[in-house]
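Encoded as structure tokens, the structure appears first; notes follow it.
Chain nomenclature is as follows: A, B, C, D, E and F, assigned in order of appearance, with residue numbering initiated at 1 for each chain independently.
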Amino acid sequence: MKTLFPHPILSLMLLGLWLLLVNSISPGQILLGTLLAWLIPLYTARFWTAQIHIRRPLLLLKLTGTVLVDILIANIAVARLIVGPRARIQPGFIRMPLRVKGNVSVSLLANIITLTPGTLSASLSPDRSELIIHALQGEDSAAIITEIRERYEQPLLDALEQT
Amino acid sequence: MTTELTTLLVEIFVALLILIGAGFTLLGSFGLVRLRDLYERLHTPTKATTLGVGSLLIASAVFFTWREPGVSLHEVLVAVFLFITAPVSAHLIAKAALHQRSPSRSGLPPESLLEKHDGHGAKPRPNAEAKQKPSQTG
Amino acid sequence: MTDLGNHVVIAPILVPLLTGTLLVLLRGSATPLRRTISMLGIQLLLAASLWLLLQVADGDLLVYQLGSWAAPYGIVLVADRLSAAMVMVTSVLALFAMMHAIQGSDRRGRQYHVLFQFLLMGLNGAFLTGDLFNLFVFFEILLIASYGMLLHGGGAARSKAGLHYVVVNLVGSSLFLFAVGTLYGVLGTLNMADLALRVAALPPEEVGLVRAAALLLFVVFALKAALVPLHLWLPGAYSAAGPASVALFAIMTKVGGYSILRVYSLIFGAEAGPLANLVEPWLLVLGLLTIVVGTIGVLASRNLALLVAHLVVISSGSILTAFGLGSQAALSAGLYYSFQSALVTAALFMLTENVARTRGAFADQLRAGPMLPAANLLGGLFLVLALAVAGVPPLSGFIGKVLIIQASLDTPAIAWIMAIVLSTSLLTLMALARAGSTLFFKTDTNAGAATLPNAANLVPVAAVAVISLLYVVFASPIYSYTEAAAAQLLSPADYIEAVLDGETLAGGETRLDSETTSDGMPPDSGGHD
Amino acid sequence: MTNLPLIVLIPFIGAMLPPWAVMTGRPWSAWVTGGVALAALALTIVPGLSVMQGETLIWQQDWFPALGLSLAFRLDGLALLFVLMILIIGLLVILYARWYLAEQDPMGRFYAYLLLFMGSMLGLVMSENLIQLLMFWELTSISSFLLISYWRQRADARQGARIALAITGGGGLALLGGILLLGEIVGSYDLSAVLAAGKSIHADPLYVPALVLILLGVFTKSAQFPFHFWLPHAMAAPTPVSAYLHSATMVKAGVFLLARLFPALSGSEAWTWIVAPVGMLTLLIGAYNAFFKHDLKGLLAYSTISHLGLITLLFGIGTPLAAVAGVFHIMNHATFKASLFMAAGIIDHEAGTRDMRRLAGLWKFMPQTGLLAMIAAAAMAGVPLLNGFLSKEMFFEKTVYMASFAESFWLLPVLATIAGALAVAYSLRFIHDVFFNGTPTDLPRTPHDPSRWMLVPVEVLVVICIAVGILPSLTFGPLLGVAVGAVLQGPAPDYSLKVWHGFTPALGMSMLALAGGALIYAIRQPLFRWHETLFGRIDARALFEGFERALLWSSRALDQLIHRRSLQFMLVVLISAALVMLARGFWGMPITGSATLLPIDPVSTSAAICLAAGAIGTVVWHRQRWTALVMLSVVGLIIALAFVKLSAPDLALTQLSVEMVTIVLLLLALHFLPKQTPRESSLPRKLRDLLLALLGGGATGLLTWAVLTRPYDSISGWMLENSVPGGGGTNVVNVILVDFRGFDTLGEITVLAIAAIGIYMMLRDLRLDVPLTDDQGRPWSSDVNPLILATFSRLLLPLALMVAVFIFLRGHNLPGGGFIAGLIISVALVMQYLANGIAWTKLRLSGELHPLIGLGLLLATATGLGSWYFGYPFLTSTHGHLHLPVIGDLELASVMLFDLGVMMVVIGITLVILIRLGRIGLVQRRVAIDDSDLNR
Amino acid sequence: MNELPETGLILNLALAVGFLLVTVAVLLSLWRLIIGPDQPDRILALDTLYVNTVALLVLLDIKLASSLYFEAALLIALFGFVGTVALAKFLTRGDIIE
Amino acid sequence: MEALIALSVGLLTACGIYLLLRGRTFPVVLGITLLSYAVNLFLFVMGRLSIGVPAILEPNRADYADPLPQALVLTAIVIGFGMTAFVVVLALRARADLGNDHVDGREP
């Protein structure tokens, strides 16, 4: 079964993608989409070395919601910073040791940090143990790290890595 | 509801999304010009521009869903794609900037830290995946 | 099943295409197998070319509608006497070049045979197509294949020459597109016959644009034909390329000449109103200048390959001078000259490699080297080819030059043509005598020993020498053919009628009525409905 | 009759025999050669007899009527005279050479060349067609080139041969011009027609040019002043060659042509005023130089020049009687000069030198040779009772006759007598200086008479000299008669071949010449010194060499000026040519047309600003290459936007994809190239380039404007109408690409395939230095594949594949198609390489990508070929609807297979190019590591 | 399809304003691209320019009421990302495919 | 709009020519690319300018952009890509063989 359907989630995503692309849910397109959603993962399976084990899907969903809301907040915050007096920007680099270890979770965390208010993951150390973050208002680095830990890293750890 | 009213409401909704989207798009580029160092500038396109274009794409989805038969959601694809890639792009640009020691208003992190992040000094962890032959399931 | 004979027009394109593709698929196969396939492909091509030649010899124009789409909407291939002859000469040349290559020079890189086949495809396509944009495509095919063949074997000299050749031709291709684009933008069509009709009915306010495009196109063709001052790329490129490659290049300048002849007799020919006989005056002057400049190059050359490269320039100049005269006799003379000069210069390139190989470190430099054990054989072949190329009797070049001068006898250009053609012949002869005497007579006792040439290597060269003689013996029938080909060129109406199938729409008239629509429909369109 | 061509053909065929015969034994090649000449001679007998009866034999066969060239041979008196000379002297030379050539000389080659020459000469004199005559004429130049350079290891032989070829070959080309003009005047190249046209030719405006060109041929071949200098240098040839070529044959070809065309060309003022003075000058200069040559063969060579001048002068005088004298002297000169050359050869052969300053008193050692040489030299000097006397007497008589016409012509007999005296002097020198005049000094070997057979040819010729001298009318008389008849093309004038004409002025001149000659010889020592100081340095060969060097130098200088190996120069020329042509095309024509134009909107203006910024930025930053590349990609993006704006979605998609791949490609390449461009163009150079750029830009801009402001009508209306019914697709662009103009597309993917093959070839064994730091000197980051990128890029592949399938399938009806789909897949795969590296990605790709190129090409071609099966031309498409349960209506078109082929080729090529390029660095680094391992 | 109402005034106005704003955004991005000053700045500006053009295409789609340019937008988004990755990697590694 | 296009074509050509005439391979390649952009744009607009009327057949539309030049440009773009790729690799080859990146193979 694993060799025949290496990535069922991916297959589902691809079927969805196909239907989005063709903008149609006719039986023919569903059949064609299914065929492709089966064949393409079969061909690309070997590119997906790290299997994602979602332990707590609901937590992940909640995290998604948090991030989406934060993106909106981030944009408004950034908008005010851009338009407002430049003196309000007190940028700084923050060094944040990572607790997440997996490839996917580290990557997700880095992306989330960038999308959310005032922070940007500037560099991941080659050993993946720490992240350099650039913050637009980075005077209080400890507070920022704490917030990131609480809001994003912990849920990621719980959803993807904690056994 | 009459067709006219629906039309009007949809139009207003779409118009609003367009204005918000275009506004944020402009904001992103404005930040690009206004902010004072690269690391600051990196914040604006990744957030504002991405959101702006996302908003425009939703406007498009709504518009075509209303205008043509069936649901038009393929715009979502582009939006999702942008949201996934924008932070990665920003990350890589920041990485390149740190590698080049692009100046920062607030001062760069200590040189030893940058050396470490460039992979010099500390030996990088070998990429385990490259060595082992991938199995069919991974 | 269908009669394959109907497809003879496209065969000279498809045979090398399929052979080349097969060779691409057989990546990494052993050399003997590749050679066998390549050689079989060429023999098949030769048969197809001969068949085609026989089909058109009596004056028939064969039109092949690709995809069953009628001209001017689809692309058509057209075989007339001229194009069939060009294809035939190409095939013969290919045979000799391949005979030479499989003696070992193909080994310097794996891709030789593939590039060779695709170059043939490009050449034949350029000769056969009846569509101006398709001509561009085939130009590109033959060019990119020639880039590869020029660089085949590698080395600094080739890289440098290759860079010049490629960049110059890339700019040439851009000019081609500007020209074709303008013609389409004004005339709204790409088929050459249709272009001819529309040019003939051109409103006066469009004349400037079309003339500009036509002259720009002339620059492109003149670049390919190595007409002075656009010949600058040739000496470096041809002298740097390996002879196994450059033997086939000998026909490439002829593509330029062919295109000039085709386009400026068909589209801008006698019936083109204010644009009639557009390039003839340029051709005449520049052709003569080309002969002079080529001769200067021949005199100045310090190695044989470069000398032969300049001989190619001279022969190109001679051909274009003849074309510039424009009369049937002159075109015929030019064609007669053209066919043999392609073969003879190719053979000289092949001989150059043989000589260079036997002389070791001295290669083809024109200075005293080791005593050649086969000086009589090599020198004898050199003598024959040198005489042929310098236009000394009794070889083919002589008759060619006499024909060209004769065609100019009753024109005002006679004095110039005679003076330049004859005096450059003498200078060429002197330079060749010096070269031959240095290479085959003069020895440097400190130069070490030369190696014996491989006799099999000389077979194609000797064959060309014999052909050059036969070309004189059978001059009359060959000339009758070129004369008929010239006559065909000078009466484009037949061509136009054959291509457009009797459709004689003047330019500007609408083609969108239902009648013409159904004309272009393939017989089986929507067959499964 | 029919054996006329055989006479010519036999030597040519025979020329193949000696190299074979020589394998049996050296003498065999001589006997075979002799046999060939004898056979030709035998064949001449029967037709020769008819000619002696006054007949003219002509054999004609059409060859190339359009050119006026026929295979035509003519045997009349003049031709017969020459044929006999060529064959008989040829036989004697063959015999002589058998003993002359040394062991180490390749005899087969010698005789082969000799027969080639003999055949060419025979063909020349027997030609009825003038073009054919010219062909043989040039063949004599070539075969004499081979004969003169026979001793190829000797520099003087090689050079002498080249000078001879240059002069006579060049003359031949002039002659060609002359003959073509003559043919144009007469309307035929047949000699009969030309001779029949006679003096009417003179009226044609082309007469003088034709005459001058023909005379150039004559003068060069017959070594007339100022072209005479090739002949002495041709003396580097073996003596049999000199005896043959430079007495009876090669050099006589020129005067032969004078005689041959005498009725058609002579008799005009131009003729007289060109031919006679040249002949006179040559006569004097030759005689003068002959006397001062210390080399025996040099003396003979200049003497030959002098005698040829005499003959030329006779024909130049132009009267029938002068012509008689000319023909007669041709015969006489051939006999005595051939024997003298042979004698000189014997002396050289036996004594080892030809220098008259070393030779002396040979009479004691070789009396037989001495006697023969003495008689022949006397004939040359014009001593009575020898043949030379008779024709020289006739010559003196003609000069006296001419002097009676005008007062100023008194010079003629005076100069003739001086020349005669000089001839006596050099003849005396030939005898006295060599055979008497003391004892030889320091000769390489002890001379003695040669073998019997070597003397036989000389004896035969000397006997003829005496016989003719005593009994002219019984010996040469009849042949002279028919020959003169042929020359004049009419009855011969009254002339008498008597030894004694009484005390005529001519006899007086002869006596004066004999006495004067003796006097000159007597005071030779002071004369030699005087000559040495005056003309000692003048050397014709040095002059020719100087000319050749000047030619070489000037051509090299011009060559360097013209053929500059500079790409910039080539491009400047090309672009200028295009500009000139565009300007010429537009000249005087209105630029702007009458079409209605579209308004400009702000978005488009901004886009144009971006485009301009990108393009100018690329130029401005071209020294910072990476920045230039970024600017370039802005241009690509805006072009894609323009395609979108202007209703070309397919183009936009293609442009974007190609742009992407190009940028990756350029980045890959830039890694191995310098990151900065040095400043090296001078300001004038920059200004020139800028000017050219602005002119080019202006020209294309105007061209665009001119077209866009004009209305037009195109064939694409038909395509819009037939796209659905004929091509089965609503995306007309795609239908054009895969159907209406599918052949273009097949060509286009072929170009791609060839490009990939060429690139593959170039990348083999490519060694480039891998920069160890970036352009700021910082070592590269060792974070090869940043994790975040690697993680997300993997998601991209399946998504992109899905999108590609979508784009491919809908291409026929909506924007998309195989090409774009192929590029999307390629970019997605390239992304994997970018993010994860080559090793990682290669492990995960199933199978090689290279075969896709061949397979795709094959699929596309095979789709085209498929239509043959149904009897339609290549690439004929078919399409239809398939009704399937559940799925519904499925539209299928054969062109989809074609498009699939396109897609495969595109994927294969893009990846082959990019990945192989990427691998250079990998390979280089691996090599570097291996090297450092070795060093440890 | 033909019974669909024409695009209304409000929408047209919003589109006009939208085009204007995005166009200004494009020019601002271009400005940053030109003035740099650093290489990463130029990558950032180019990346933003790419996303800006996606916005333009979406607006054009709505304006023309035709989704024909959707794929172009998709490809610009995709290739903008790939381009940024390639340019950035060039700065840190030199060899972008290794 | 026509003037804008004409200016663009002219500018691209001018910039392309200027870079073509530089002495090093990389700027020359950039020049070739710019020139081919100019050519492609030129060839495309030879079918005249039309906005919002792509050549995708629809039942209720009579106006279409001229599809033929679009097809020609597609071919030209693809061929141009092959040529550019070739010349880029050739530039590398020349750099390896000649030791520098000057178009004439020698440092001036």
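We adopt the following convention: a contact is a pair of C-beta atoms (placed from the backbone, for glycine too) under 8 Å apart; a residue touches a chain by one contact, two chains touch by 3 or more.
Here is each chain with its UniProt name: A = Na+/H+ antiporter subunit E; C = Monovalent cation/H+ antiporter subunit D; D = Monovalent cation/H+ antiporter subunit A; F = Na+/H+ antiporter subunit C.
This one's a predicted model, so the numbers in the text were calculated from it and none came from an experiment.
S.K.: According to the touch definition, list the chains common to the neighbour sets of subunit A and subunit F.
M.R.: Common neighbours, subunit A/subunit F: D.
S.K.: If each hop has to land on a touching chain, what is the smallest number of hops from subunit D to subunit E?
M.R.: 1
S.K.: Quick check on the contact network: minimum steps from subunit B to subunit E?
M.R.: The fewest touching-chain steps linking subunit B to subunit E number 1.
S.K.: Where centres are the averaged C-alpha coordinates, which chain has the largest centre distance to subunit C?
M.R.: Chain A.
S.K.: Would you indicate which pair of chains has the most C-beta pairs in contact?
M.R.: C-D
S.K.: Centre to centre, using CA atoms, which chain is the farthest one from subunit E?
M.R.: When every chain centre is compared against subunit E, the largest gap points to D.
S.K.: So the centre of each chain is just the mean of its C-alpha atoms; given that, what is the distance between subunit A and subunit B in Å?
M.R.: Roughly 12 Å separates the two chain centres.
S.K.: Per the centroid of Cα atoms for each chain, what is the distance between subunit C and subunit E, given in Å?
M.R.: Distance between chain centres, rounded to whole Å: 48 Å.
S.K.: I'd like the Å distance between the centres of subunit C and subunit D, where a centre is the mean of that chain's Cα atoms.
M.R.: 18
S.K.: Starting from the mean Cα coordinates of subunit A and subunit E, work out the distance between those two points in Å.
M.R.: 23
S.K.: Among the residues of subunit E, which ones contact at least 2 other chains?
M.R.: Within subunit E, the residues that touch at least two other chains are 1, 19-20, 26-27, 39, 43, 68, 74, 78, 85, 89, 91-92.
S.K.: Tell me, which residues of subunit F touch at least two other chains?
M.R.: 20, 25, 28, 38, 42, 45-48, 52, 54, 56, 68, 72, 75, 79, 82-83, 86, 90-91, 93, 96, 103-104
S.K.: By residue number and range, which residues of subunit D touch two or more other chains?
M.R.: 565, 567, 571, 575, 645, 649, 670, 700, 703, 707-708, 712, 714-716, 719, 740-741, 744, 747-748, 751, 754-755, 758, 762, 774, 781-784, 786, 788-789, 792, 799, 803, 814-815, 837, 843-844, 917
S.K.: Mind giving me all the chain pairs that touch?
M.R.: Touching chain pairs, listed by label, come out as A-B, A-D, B-D, B-E, C-D, C-F, D-E, D-F, E-F.
S.K.: Under the stated contact criterion, what part of subunit B meets subunit E in this complex?
M.R.: Against subunit E, subunit B makes touches at 3, 7-8, 11-12, 14-16, 18-19, 21-23, 25-26, 28-30, 32-33, 38, 41-42, 45, 49-50, 52-53, 56-57, 59-60, 63-64, 67-68, 72, 74-75, 77-78, 81-82, 85-86, 88-90, 92-97, 99-100, 102.
S.K.: Under the touch definition given earlier, write down the residues of subunit D that touch subunit F in their complex.
M.R.: Checking each residue of subunit D against subunit F gives 565-568, 571-572, 575, 595, 597-601, 604-605, 608, 611-612, 615-616, 618-619, 622, 625, 628-629, 632, 635-636, 639, 642-643, 645-651, 654-655, 658, 661-662, 665-666, 669-670, 672-674, 677-678, 680-681, 689-690, 692-694, 696-705, 707-709, 712, 714-716, 719-720, 723-724, 730-733, 736-737, 740-741, 744-745, 747-749, 751-752, 754-756, 758-759, 762-763, 766-768, 813-815, 819, 909, 913, 917, 920.
S.K.: Show which residues of subunit D lie in contact with subunit E when the two form their complex.
M.R.: 602-603, 606-607, 609-610, 613, 617, 626-627, 630-631, 633-634, 637, 640-641, 644-645, 649, 652-653, 656-657, 659-660, 663-664, 667-668, 670-671, 770-771, 774, 780-781, 783-784, 789, 793, 796, 800, 803, 807, 814-816, 824, 827, 830-831, 833-835, 837-838, 914-915, 917-919, 921-922
S.K.: Give the list of subunit F residues in touch with subunit E in this complex.
M.R.: Residue positions touching the partner: 52, 54, 56, 60.
S.K.: Spell out the residues on subunit F that touch subunit C in their complex, using ranges where they run on.
M.R.: It comes out as residues 20, 25, 28, 32, 35-36, 38-39, 42-43, 45-48, 68-69, 72, 75-76, 79, 82-83, 86-87, 90-91, 93-94, 96-98, 103-105.
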